[in-house]
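Which chain is which? They are A, B, C and D, in the order written, and residues in each are numbered from 1.
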Amino acid sequence: TAPWVRRALEAGMRVIDLSADSRLDAARYAEWYGPHPHPNDLELARYGLVEAYRPDLPDARLVAAPGCNATAASLALLPFAAAGLLDREVPPVVTVVTGASGAGRATALPLHFSELDANARPYKPAGTHRHLAEIEGNLGRATEQGRWLSTHGAFRPLPVSFTPQLAPMVRGILATCTVRLNEELDQDAAIDRMRAYYEGEPMVHVQDALPEVKSVVGSDRTLLSVRHDVRTGLMTAFATIDNLGKGAAGQAVQGFNVAFGFPETTALEMEGRWP
Amino acid sequence: TAPWVRRALEAGMRVIDLSADSRLDAARYAEWYGPHPHPNDLELARYGLVEAYRPDLPDARLVAAPGCNATAASLALLPFAAAGLLDREVPPVVTVVTGASGAGRATALPLHFSELDANARPYKPAGTHRHLAEIEGNLGRATEQGRWLSTHGAFRPLPVSFTPQLAPMVRGILATCTVRLNEELDQDAAIDRMRAYYEGEPMVHVQDALPEVKSVVGSDRTLLSVRHDVRTGLMTAFATIDNLGKGAAGQAVQGFNVAFGFPETTALEMEGRWP
Amino acid sequence: TAPWVRRALEAGMRVIDLSADSRLDAARYAEWYGPHPHPNDLELARYGLVEAYRPDLPDARLVAAPGCNATAASLALLPFAAAGLLDREVPPVVTVVTGASGAGRATALPLHFSELDANARPYKPAGTHRHLAEIEGNLGRATEQGRWLSTHGAFRPLPVSFTPQLAPMVRGILATCTVRLNEELDQDAAIDRMRAYYEGEPMVHVQDALPEVKSVVGSDRTLLSVRHDVRTGLMTAFATIDNLGKGAAGQAVQGFNVAFGFPETTALEMEGRWP
Amino acid sequence: TAPWVRRALEAGMRVIDLSADSRLDAARYAEWYGPHPHPNDLELARYGLVEAYRPDLPDARLVAAPGCNATAASLALLPFAAAGLLDREVPPVVTVVTGASGAGRATALPLHFSELDANARPYKPAGTHRHLAEIEGNLGRATEQGRWLSTHGAFRPLPVSFTPQLAPMVRGILATCTVRLNEELDQDAAIDRMRAYYEGEPMVHVQDALPEVKSVVGSDRTLLSVRHDVRTGLMTAFATIDNLGKGAAGQAVQGFNVAFGFPETTALEMEGRWP
């Protein structure tokens, strides 16, 4: 979308960019996507993950709506990164189970009903999925900046292992994020930290029960929970989102609301349905 | 099944036990399942993961067919455990995406079509799923015993983080296993080690391509692959099986064949179908 | 729900009954369901298919929300019945493809994910499904009464062949209704008659394209179309609804709105989502 | 495939044609598909629905494997057509619920997982699906020729109403066929006639229970049942097949076996799996 963003900015418009083109600084964009056609525009961009970048967004001329996988993984781990609990030496291991709509509407054979139904498959593992750039950026910044993050300024990304897995469902992401914290937190302390971080957040709900994808499909909410594993000392944080809600359009609207001064949940209070 | 196993052994029969009752020694069984009603029988049992315990199986009076998740995770990681490359300090992180038939035929609400379709959910995470006892046992033994494992004798389990995730499919398991090896292997070295370990194995196929669940459903085969992540130094090993094939009945038949001296692949050469 | 309806009426409340207990007169109820515990209450009931019974509903003390299959089949065929075009000698042949939620939340084995996924099966065919009583009543009344129907008064049901078929989806009904009309209508005349009948109806949309289930899931709308078969002279009318929307809760709300004098579409303007 | 068939015949080979190109005589082919490039070859063709054309097949130089929908609908209704019970004036109403693989592997948007999952839709209704030519031919011939049919010779097709409906499953067809017989048969007489017609047939099983798609997927069998509707006097016959088994490859092998003198079930004894 970079050429369209350019034209809109030239026309004096403010832009919410749902594509991947405005999410990284020029150097990191080049590393993951190739040279950006309008690198100066990236200096205007603010990363639109409202729960972590809210103070950075008002009056932004260009808001980059985050990637769906990056949203789920980042929201699950930010409470711990912001407390300095993530370690650069033992990378978090993030796997996601994701629905077919994450790949869009193109008619590639792997998305044919006959190929995906009754199937599950990993794709772009081991550092090759480009949403990783966002996850590592968010966790790296939070480790250095704490609660509220700023899109611009130098930082070191925090390395992450990331494996997406396609499952036979249309919408939704389940992120399972296992980490060794610098300082082990027991179950109560882990979920308390998650709750404290998201206190007052309208679009994120921390719960004791493990989150399900179906609970969020059709809504713009994120469900989070966490489990401490007493046997290994590791902690696993879980997130579910609708990849087309909080993972795409809903998050873009949320960023728009904050950037333009509307009440943050305007047009976002739709609930999903069950079943 | 322990009471039935008892009666069959008393009658002089040899037993292939598809249940979980014969898979662990008495102490570990008590830890994970509670006291075993016939602990002496467990001394007769041999763990029926043929690819790792083959020399242990001929003439066994009681063969314990492994759990489905344990089969997938163990087969993915055994080549590295057997080479002493797994570390007790940084546990492997194993997640599985698994189909509904793994929970059997009981009509619990979470397995109702309306609840599971278009859904994905984690269950029994953070050290609470009992297949973990088998995975940790297999990896611990391989670390100490190398290529071929013996069911009996002391060993230290190798701690593992394990998160099962239910997805809307009937059959199949995709295991995604991310580890930091003691000694980093590049992509070629990693897959070569996997291939060398399984050389000549009739029911396990190591491939360059990432394995899919649909490729094995309806068969008794295991598909494996592995990826080295140059950015984090971690390695992710993948396995797919049919949980009712190699993960259950097929593996029981394979163990029967070895225990009774039949050609190992007798009755196991059925292929799945696509699509 | 009959006992609860009784108690509510005694307390002076007005009732919208989503169950099957208030949909038929006492004689027909006895025939299809057995003796009704409070047959006098049925004299208060009005059948809540708003598009056909609207004038009958204001000030009703008891509104019976129609069955899901009956809603779809009736809406597809009423335009032709009301014009006297259906024949009692050659019964309409109605088949529906319906989702699992139509059977509710009970955990019967046929609704287990492993049993229904990748499956389709007929059930209660050949005059044994109780929604048939409603379909035959609606078509019989329309044949005798024309455009607007009255719940009470004698009429002859119009016989219908009805075959429900369960398919692996959670929500939605596709009704396919094939009839020989008394007077053959060509394609234009058939769809014009459908459009004329539903002109101004806010919750029913007649379209040229064949309707899909996914277009209505999550909404309270009905999509209709029709095809004339020049080779056989028969006509096939199609309807899709969300069985839990227009087929249940949405229709109950619509009936409530009309009975209580609220704007008819209050709380019913939610759209579904795609995909 | 007509050009390939031509080349194979010229080379002296005998051909089993899985495509639609050899299923109709030249006149009917032209009507449904356009002019045939090698109409003389059609005079060599024999229609490979073994259960109805078996005596016609030995030594055939060209066997046309029937269409999947035509197979299911024809097998359901042939026992009644062969007894002269079908009426040309009141056409049978056939609807099928069919899986995505019937449309092949092409990546059209309607077959994208996100479009078909949680959906059902009619397609090519009202005399526009080309398998209709086969159904009408089979029923017309049976009405005139009785038990065993001959591919060649004049006959009048028996008109049929046919509506295919795509459902979110990969494989399988459920055919629901409702007819008014010339002479009403009660339940016992109807199923007895079906059983008598298929007595000794190895690949067709008539059962009291309603057939399910999942029971035949992965096999080459056909399941049939029938219900008499005492209220309307109509009869509904049901068939389920795997569209890629009995509906395609399995039927081609069966035709090959008969044409070449092999035991008819050679290579066709594979069972499906449940679940």
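The rule is simple: contacts are C-beta pairs under 8 Å (C-beta built on N, C-alpha and C of every residue); 3 or more make two chains touch, one makes a residue touch a chain.
Note that the coordinates shown come from a computational prediction; the quantities given were computed from them, not determined experimentally.
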Partner chains that chain C and chain D have in common: A, B
Between the pairs B-D and B-C, the one where more C-beta pairs touch: B-C
Centroid spacing, where centroids are CA-atom means, of chain B and chain C in whole angstrom: 51
Mean-CA-position distance for chain B and chain A (Å): 33
Mean-CA-position distance for chain D and chain B (Å): 43
Set of chain C residues in contact with two or more other chains: 101, 114-115, 117-118, 168-171, 275
Graph class of chain-chain contacts, one of line, ring, star, complete, other: complete
Contact set on chain C toward chain A in their complex: 101, 117-118, 170-171, 218, 244, 270, 273, 275
In the complex with chain B, residue positions of chain A that touch it: 90-91, 93, 95, 97, 114-115, 117-123, 125-127, 159-161, 163, 165, 167-172, 174, 176, 178, 180, 210-214, 217, 227-232, 234, 236, 238, 240, 275
Residues of chain A touching chain D in the complex: 99-101, 105, 107-109, 111-118, 168-170
